[in-house]
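Below is one structure, written out as structure tokens; the observations come after it.
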Amino acid sequence: MDMSAYPLELPEGDRPMVRFMNVTKSYGTLTVLDNLDLDVAEGEMVTVIGPSGSGKTTVLRMLMTLETINGGVIYVDGKPLTHMERDGRLVPANERYLREMRASIGMCFQHFNLFPHMTALQNCMEGPVQVLRLPKAEARDRAEELLSMVGMIEKKDQHPSRLSGGQQQRVAIARALAMRPKVMLFDEVTSALDPEVIGEVTTVIRKLVAEHNLTMLMVTHQMGFARDISDRVCFFYSGKIEEQGPPDQLFGNPQRERTRQFLSAVKDAG
Amino acid sequence: MPIWEFLETYGWRILGGAVVTAEQFILAALVAITVALLAGLGKLSGNWLIRGTAVVYIELFRGTSLLVQLYWIFFVLPLFGITLDKFTAGFLSVGLNIGAYGAELVRGAIRSVPKGQWEAAYALSMSPAKRMRRIILPQALAIMLPSWGNLLIELLKGTALVSLISVADLMFEAKQINASTFLSAEAFGTALVVYYILARFLVTPFMRGLERAMARRLGRT
Amino acid sequence: MRFDWIWEFTAEILPRLLAATLNTLIAAGVGYAIAVVLGLVLALAQRTPWTPLTKVVREFVEFIRSTPLVLQIFFVFYVGPQFGIRLSPWTAGMIAIGLHYSAYLSEVYRAGIEAVPRGQWESCRALNLSTRDTYLRIIIPQALPPSVAGMGNYLIGIFKDTPMLSVIGVAELMHTANAIGSEHYRFLEPYTLVGVIFLAISLPAAGFVRIFEGWVRRKLGL
């Protein structure tokens, strides 16, 4: 792969928080993402929608380095995510560099993935203590503050098995925020929830958008929610961005036929 | 002595031992399967005498060692008037020991056949015996077959102990050759490899084939 | 000969058998300690990204598991001297039985680790935990409870396999019973007592393993 087309670092003045440059991902002969270009500005909330299999979750998983990429480069805060500079060229990054870069990204999952053998509080302290090496007391203060923010402080000493799905997801959001990421990824965080508890999770995300200057990327099936809080919506179709724009434009006046078809199918189902 | 020379000299004895091991394996397996079915079904029986007998057998043989059972059957049973030749005592002990573990497999598999199957057979007013034989056991067999694969490997390994009551199996020949030549690495090493071949390239593929055949019969392929 | 249980003889040999029981328990304990540690090494070696190593270890585990323990005991005991290494019966026995059961325990660990949902690994990655912390703090604590039953059963299994050590002269229960039998030409009492002692230990132990498993589960909040 010719890496010379990619800068070692993005220049000052052209430094979005996240930039996908020509990113390709394939499994064998199946191409999941096809030469993706996508910028996310600092503090921007970008929502990714699209039919299943369109590659939208893969976008987040690559950013979290849960998936390797087959081509192109992802830049986070101007620096390449999975590549590092050696002798003036970009080469695949080693584990140490990856860990350093990963520190700026946090992620919440569809199935929460809380650690079942730890309480809500311990879940939120695990990263800060073990990775950031914060003193226990400081990590505890930070965790309690975040658990209050998501409305889970009363349940801080409960194990995940004693919490509802909505409560677990709120703890998972607090756990990710405790690492003070610059970019937060939400991967279908409401998809596994019962309808009546979806609201308690979306409320927390709304609050994050309103009160914090976090850069966020979200994959969701909840079109109403996406329309409400996004700065920009990207519609993915078979590994490419078919259409993107401000939510009112994309939902109110979609330009592409496939977008219209998808939106009307979703509306019929909902 | 180079290994090929060793094999040239002792190969036939080792092969003869392997044949005895194979015989012990087959006979012990037949014993194990029979008693496992009897005790496994017995433990589910409504009759307390049958159930009690099955439980005592299972716990007795799972709670003690195969070697203890072998010695007891070969050396102590004659005092009760039951004298077995060493060959019979050998495969019988191994079979009874593994059968106790197999009984638990049978019981577990029967109990994991979905309740609806019992009810459906009941609704067809099948007799209990027919229901067990035609509906429940075939499904239970498919469930427990993979575990039987492992158990039969244990059984094969168990047959090595019959050498200790002088049945001339593979283990016995290896010991004899070692005692007369002191070529321990060659004698025991060859025996290890032969056991490995028997387990990995005969028993396991056979059981896999059986699993596949079973799955086909149940229309699960 | 006919059946005639002699109680005086029983009383006479019981202390000797009970003393040997201690040796049996020590053998099982030491063998198990080796197996627990070595088993973990074998399990983790199979998770390294270096394929040649994982393949060799996998094959080694299969080999150990499909060949008889008694033959492995002979092998370890007799092959050493051929190359000038003399091992005492105890050392050889502990190596053989520890190695044998480490193969089984590695499978228990492997199954336990594989049972931890993939999402847990992904969470660790998202929180940037190191590989060491991921295993020690997240994966192994969750892999443990489902492994406890298997680990306990193999502890009982190793205990029941210790009589095989008698073949190279480790003075455990079976060896002592054999000695008593050939000294007095009586096998009924010693062999029966050995059976009873094994039952008296392994049956309660099996119950204890079940209770312990439940306790570990609760302790970890699972």
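Letters A, B and C mark the chains as written, and numbering starts fresh at 1 in each.
Methods note: a residue touches a chain if its C-beta (ideal position, glycine included) is under 8 Å from a C-beta of that chain, and two chains touch if they have at least 3 such contacts.
These numbers were taken from a predicted model, which means no experiment stands behind them.
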Most central chain, Cα average position: C
Longest centre-to-centre distance from chain C, chain (CA-based): A
Pair of chains joined by the greatest number of C-beta pairs in contact: B-C
Centroid spacing, where centroids are CA-atom means, of chain B and chain C in whole angstrom: 21
Approximate Å spacing (C-alpha centroids) for the pair chain A, chain B: 55
Centre-to-centre distance between chain C and chain A (centres being mean Cα positions), rounded to whole Å: 47
Chain A contact footprint on chain C (complex, rising order): 117, 119-120, 122-123, 125-130, 133, 137-138, 141-142, 220-222
Residues of chain A defined as touching chain C within the complex: 64-66, 99, 102-103, 105-107, 109, 111-119, 126-127, 130-131, 159, 161, 175-176, 179
Sites on chain C touched by chain B in the complex: 1-3, 62-63, 65-72, 74-75, 78-79, 81-83, 160-164, 166-167, 174, 177, 181, 187-188, 191-192, 194-195, 198-199, 202-203, 206
Contact footprint of chain C on chain B as seen in their complex: 59-60, 62-69, 71-72, 75-76, 78-81, 153, 156-161, 163-164, 171, 174-175, 178, 182-185, 188-189, 191-192, 195-196, 199-200, 204
